[in-house]
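Below are two complexes that have chain A in common, paired first with chain B and then with chain C.
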Partner chain A sequence: MVEPLQKPGRKNPLDRTRQQALPPAGRSRKGQLLTLAAAQGRFALQCCSECGLFCYPARDACPNCLSADLPLTDAPNGGTIVSETTVRVPTDVYFRERASWRIGIVKLDCGPEMVAHLHADCYDGERVRMSLQLDKSGQAVAFARPTEKTPNQADDRQWREMTATPKFRRALVTNGRTALGQAVAAALKAAGAEVYVGLADPWKPFPGEETLKRDHHVVPLDVADERSVQELAADLGGKIDILVNSTEHVRPGGLLDRRVTNAVKDEMDQHHFGFVHLAQAFGPAMRARGADGVNSAAAWVNVFSVYALANWAPFGTNSAAQAAALSLSHCLRGELRLGGVRVVNLFTGPLDTEWFQTVPPPKLAPKAVASAIVAALENGTEDVFVGDVAEDVRQRLLANPKALERDLNQRIS
Partner chain B sequence: MTDNTAIAFATAIAQGSLRVVDLTFTLSPDMPVIVLPPEFGQSSPVRIQQISRYDENGPGWYWNNITVGEHTGTHFDAPVHWYTGKDLPNNAVDTLPVEHMIAPACVIDCSAQAAADPDFLLTRAFVEDWEKSHGRILAGHWVLLRTDWSKLGPRDFANLREDGAHTPGPDSNVMEWLVNERDILGFGTETIGTDAGQGSHFAPPHPAHHFLHGAGRYGLQCLRNLDQLPPTGAILITTPLKILNGSGSPLRVLGVAPS
Partner chain C sequence: MRTSRRASYDGVVVTTPVTIPYQRYSVESAHWWIGRALRGLVDASGISPRDIDGFCLSSFTVGPDTAIGLTQHFGLSVRWLDHIPLGGASAVAAFRRAARAVQAGDADIVACVAGDTNHVDSFRRTLENFSRFAADAAYPYGAGGANASFALIARHYMNRFGISREDFGRIAVSQRDNALRNPNALMKTPLTLEQYMAARPIADPIHLFDCVMPCAGAEAFLVMREEKAAAAKLKGARVLGTIERHNARLDDVVQNHGGWIADIDDLWGMAGAAPGDLDFVQTYDDYPVIVMMQLEDLGFCKKGEGAEFVRSHDLTIDGTFPHNTTGGQLSAGQAGAAGAYIGVTESIRQVLGTAGPTQVKDARLGLASGFGMINYDRGLSSGAMIIAGEG
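Our next item is the complex of A and B:
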């Protein structure tokens, strides 16, 4: 039985802000396969190509036939708890601070037994739904949840260590002027967050302005302006638990048909330097507040074009700006992890917005991206491909990156 | 020394018989910049990036890098800014005659009209009426349009609506007349441009730019404190940055008027 999460009161300013301790982070190279699966929200294990055996823990060779061909393979996520333990005095600092802590051994339907963190409503002998989650160290761990819906399931104390749920948290969405920013703000509010929305050039009117100002805290923020970002962080830096970098500055064009670099620079100013400004202004305070109670700093979310991964020539310079920011996100991920704050990257195909007007469907509704952000926070995923185009690019990158490159740059309209 | 007029001028300022009025907005990112349809190239907004402030990047000193467009903040328009002035000699901020940087100014008060109608247009009849009270506008003078627009907040200042900006300015006829019949040095406004907000719909479009720069004259915009200048008898000091082939420049505009 999980008690519903209570909205936290104001902090006692005399109390020290607790620092984030991290759970053990060591994993083998093969073990990182499970981190990949966890990052994408998949339940996958190594499976022997020769004899079909699912293996756990991660191995270099199949324990049945000694084949070295053990690719990561999506696995059935059902299992049964065969033993449970409540650890009351762990030696590890992270778990000691959070004791008591329940773990158990789960016999998977696909074969292996796994040591898993147990949801409070899972007991010895019961069926469970398994998932791989990223813990505060950013490494994969197994988690067992009830197969059925239970009251306040997402409020479970141990589960919340694996997620960054918006409930009772304070979120900053960087760009309220766009349909995407407005959809994200609305979705986060619906998920229980208090939402701050940044607005550059507040003297320029825009569609949706009244609703935005009625529903959220609209704050001045021009991500391309270092001072603007620093000034907002001076006010809000210690209060932002979830930062959604929804910056969207799309201009069509490759390299040769544009004679000036202004538009290219603008894209870098918004996407690359905007990221730098946000990270330097908000990152340190977020990293310091990863263990700051129910509304601790929890996640930094980036909305990227999937063409950050492979340049799409009709939007070639935009792809490059996206790639630059994507690279920064990996740097930030490493730095924020020390504070237990996760960096979530969403990859999208073209959005159904004005700057992709002439691009044929499928195009992604801003609301779909917003829903995906909330789902990623609630489920604790780290790399999310939203929509058919993004998923297509992901798969083709895995299959043959050279073929994808040819397809993406063969025709410039 | 007493017959040295330059020293006399400085003495008058030092002793307060002449007062210096700052007609300039602070160069800041909060100041609206001209907005063009997004498929056109855009002016950089004002950016101020710190290099160091007595910190690890420079323990004893504070300084910034700045980014501005030539047409940001209180700024000067040179003739080369517009196609009509592109072939004139000495048409850029680095080549224009320095004598033009100190010149007398007429201030036409339209603040009541602009308060009543954001699309107020200065007409030839209005200026002729003004001349009946203040005398004929002499050659080589600046004409400044006082609207008190500089006292508005950023949103009302830009006043953008679905059909564009709505801010006061001159009509086409008065600009042609001021340039050709009054031989003015330039035209200055408190608004974001020398032209009215709806000036792109005039004939010719943007008549202040068209006629001023086509005749080698200048523009000043985003002025303030024009209410502190007399209708006649003040001079303006307008020294744009000496930017290579620059089309304009942010600048400090000073008015000097009898106390």
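Our next item is the complex of A and C:
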């Protein structure tokens, strides 16, 4: 039985904030295949393409036929616990602070035995549902959960180490003026977070203003303005647990048909420098608070265009600004990981908003992005492709990046 | 039934057992401990280091060096060299390699040494970097190291065969009795079954007295032809049969067997002996569950009857089944790879009648076994040897 999570009380300002220790992070190159699966929320193992054997732990040759062709393959996630233990005296600091800790051996339906973290409602001899999760070191680990819904399942303390659940956390959404920002704020609040929403030029009216101000804390924030970001961080920096960078500054156009660079600079100001300002203002405090109890700093979320991964010429300079910010996110991911704070990147196709008015469907409802953010935080994923267009780009990038490049830049208007 | 055609180890003796008394923590390096053991071999045998022409080393903490680096470090010039990274199975394997080298004339006198240091943080580092599979797929789960791995094995084994903690406790308690007679044992106070049962849990069902204490120490022996030993006026023990097995093909989902089971008929067949003929047994005792598994897999009782065997025998030095007469690793301490050797050096002493306070009366024939390398979820290496006195 998992006791429901209690809303944390006010912190004693005289107490030292617990520093984040990290679980063992060493993994082999092939072991990192599972990190790829975990980042995307897939349960996948190496599977021998010659003899069909699922292999675990990660190998460089099949233990049945010695084939070296062991691609990461989605695997059935069912299994049975065949032994378990409660580790009460771990050797490293991370687990020692969190002892006791339950682990078990799960015999997977697809073959291998897997040492796994156990959810509190999973016991020896029982069926479980396996997943690959990212632990606080950002590395893939196997996690066994009950096959059925159980009370307060997401409140399990071992599970919470793998997730960044919004419940009882405080979130900052950078842009409340857009439909996306408003949808994200509403979804986070519905998931149990207290939400702060940034607003630049607050005197300018906008649709949804009344609801936004009623439901959330609206705070002044212009991400392109370093001083504005610093001032907000001075007020709020120590209590933001989840930061959603939903900055959305989309202008159509490539390189040759526009004579001015201002529009391009604006995109970079918003997406690239906005990211830098936010990271420098809020990042250090978040990194310092990764182990700060129930409402520890937990995640930094970026909403990117999937064209950050492959330039889409009709929005060519915007794609470049997105790519710049994506690159920054990988840098930030490494730096925040030291504090146990994860960076979640969402890749979206065109949203159903005015700036993509001329783009044919399918287009993405802001609400769908908002739900995907909450799901990523609750499930602990790191790279999320939202909607059909993003998924299409992801698959084509894997299959043939050159073909994708040709497709994306052939119909420039 | 014996299935293979293994040549005997006739004409070879194992001699000069050396134990460098263990320390809980040491500021010295593994090299220092290995050096003390080599010097111990030289002092006890009267053989000059210049005449040692084979060297076999096992150590977890000697890195980045291996056996080759230590030849220069210790001024050894050898024509046969081996480094055996088999953890608890290293001693049996060392003897097997060295004996074949001596039989074939590739070396005349082989020094087999295992030694490790134990700095305040070196044990954790060993666990963290133990193997690729462990780093990928075991250590990140609670960082319990061997305790967690053996807890998973022990729990499954207890459930499968209806074994209680008291059954494991009998093994630990009897070994403590033995340790009280071993002046080099780190554990110097008696242990009762009540104390065993009341000990604090480490990783259920493993409790404190199921665990070995990591420490620094070294163990060593010499392998040579009988006539070499006679010329040096050294008493030597003979090995009548010996086996090793690595990554045995077993159907165990969780380890219920060690690799001994695959070769057990060869072991007894080579030795021309049966389990009932032995005067003592030194099993590899990183945890009592592995002792019980060995008693079954080595043929002292059937699978699943280990608990009954332990209940119906007295495992102390003067008992009906003298077992781990030094106190074993559970009570003497686990000096890294030297833990593989403790049962072998003690067996040599027992059959030569030089075990002193831990001597089993009239011991002529005994068994020493090894087990090692939890690479991921189970121990991969196993070995055993049947040792006899002179003549």
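Simple rule for what comes next: the second predicted complex is superposed on the first by the 413 of 413 C-alpha atoms of A that agree within 3 Å, B and C clash if a C-alpha of one lies under 4 Å from a C-alpha of the other, contacts with A are read in each partner's own complex, and residues count from 1 in each chain.
In this text, a residue touches a chain if its C-beta (ideal position, glycine included) is under 8 Å from a C-beta of that chain, and two chains touch if they have at least 3 such contacts.
It should be emphasised that the depicted structure is a prediction, and the values quoted were computed from it without experimental measurement.
Participant: Report for A:Pro24: first if it touches chain B alone, second if chain C alone, otherwise both or neither.
Facilitator: A:Pro24 contacts chain C only, not chain B.
Participant: One more residue to check, A:Ala116. First (chain B), second (chain C), both or neither?
Facilitator: second
Participant: Quick one: classify A:Val306 as touching chain B (first), chain C (second), both or neither.
Facilitator: neither
Participant: Figure out whether A:Val386 sits in contact with chain B (first) or chain C (second), or with both, or with neither.
Facilitator: After superposing on A, A:Val386 lies clear of both chain B and chain C.
Participant: Please work out whether A:Val369 is in contact with chain B alone, chain C alone, both, or neither, and reply first, second, both or neither.
Facilitator: In the superposed model, A:Val369 contacts neither chain B nor chain C.
Participant: After superposition on the shared chain, which partner residues are touched by A:Val197: those of chain B (first), chain C (second), both, or neither?
Facilitator: neither
Participant: Looking at the overlay, what does A:Thr91 touch: chain B (first), chain C (second), both, or neither?
Facilitator: Only chain C is touched by A:Thr91; chain B is not.
Participant: For the overlaid complexes, name the partner, chain B or chain C, with more touching residues on chain A.
Facilitator: On the superposition, C touches more of the residues of chain A.
Participant: Based on the superposed arrangement, let me know which partner A:Ala323 touches: chain B (first), chain C (second), both, or neither?
Facilitator: The answer is neither, since A:Ala323 touches no partner chain.
Participant: Which residues of chain A are in contact with chain B in one complex and with chain C in the other?
Facilitator: Dual-contact residues (chain A): none.
Participant: List the residues on chain A that touch chain B in their complex, please.
Facilitator: My answer: residues 201-205, 222, 224-228, 251, 260, 262-263, 266.
Participant: For the complex, which residues does chain A have touching chain C?
Facilitator: 23-28, 31, 56-58, 82-92, 94-96, 101-105, 107, 113-117, 124, 135, 137, 139, 141-142
Participant: Under the touch definition given earlier, write down the residues of chain B that touch chain A in their complex.
Facilitator: 29, 32, 35, 38, 41-42, 45, 47-50, 153-155, 157-158, 160-161
Participant: Along chain C, where are the residues that touch chain A in the complex?
Facilitator: Touching chain A: residues 123-124, 127-129, 132-133, 135-145, 147-148, 151-153, 155-156, 159, 200-206, 253-254, 376-377 of chain C.
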